[in-house]
């Protein structure tokens, strides 16, 4: 048993920009040489999140619509009074969805369905350079 | 430290069908012989989820009502245009709640409250045969 | 690789009482002596949750408002019929946000952004004495 760690780097455009990072995470698992364990995919910061979806064009429209309805980007938040950066909605969406996801793996493969991809969601209100931590515990 | 892995098999009816899987997860922990570590309970696929609730008849009505209000099963989703399978709501609910939960254990027992059960939620729009992965890291 | 475990004790006032527990979690990591691994922060029970936010006064108002809008504390829930304790909203909020969060660490430090804190949210409808489990797997 040991730990293997790597980072994924992304350029994002914000406002619920959704990236499929499954190939990158699987690549890190392969490099680790681990057969079995758990994989923690964690965004650093408080305006983005990690989850899994079927990565297809329909859901890439449904998800931003859902967040715009639940936590709109054009209404005032108290957070905006603290910093004036206008991204209260980004913080709230990240808080709700959370910044990490944990996925088991076996036989060197992540436990994902055929139509299940790991996604990174950038909720901020501007383009960013992002780093995502992939931390494996396994053997 | 090592990894122990097993699966739980379920027949589900979809549309927010909620199953208490605490006894099955605890049984796998017992079989592992582990004393201390963390347990990752992970649904495979993108139309179901894992969380914890007090498993009692009231919440088994409140939860489907909540999802029907937040992500109704009778409104159109863009996802439905991709495949025509009409389960956009299932994908959205699974995405929001996420497909895995991680629970520590100690003295061979899961860190759960007396009124806290691990639940698997099937959000799909049809009955399914499901497998849930239980992956333990411990000693 | 081994497991290190400790508890955080809190007095909470309920109704979306939000506590920054980052210093306590970091202190436990330091005591463990671990350099690299993953940290599972888990609330026991079904009326509280763990997530990460930028812990600042604005979001401490935005978050309770959001939950009051999504899962109000002054409407009836079926759960309330089971026990008569009137905290159906607390259970629903805990179920949605989930009771644990998993965070990688490296070089003895949690993978958190500068403006990202670990928070414990008590959703119950009364003051409580609470215990939060911090379980580290690392080396």
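Here the chain labels run A, B and C in written order, and each chain numbers its own residues starting at 1.
What we mean here is this: a residue touches a chain if its C-beta (ideal position, glycine included) is under 8 Å from a C-beta of that chain, and two chains touch if they have at least 3 such contacts.
None of the values given here were measured: they were computed from a predicted structure.
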Copy pair chain A, chain C: interface residue numbering same or different (half cut): different
Rotation angle (°) superposing Cα atoms of chain B on chain C, nearest 5: 120
Length of the line joining the C-alpha centres of chain A and chain C, rounded to whole Å: 20
Overlap residues in chain A, where contacts from two or more other chains coincide: 1, 38, 70, 96, 98, 102, 137
Touching residues (chain side chain C, partner chain B) in the complex: 1-3, 5, 38, 40, 42, 44-46, 70-71, 77-83, 88, 91-92, 94-96, 98-100, 102, 133, 135, 137
Residue ranges of chain A in contact with chain B within the complex: 1, 36-38, 51-54, 56-63, 65-66, 70, 96-98, 101-104, 106, 111-113, 115-116, 137-139
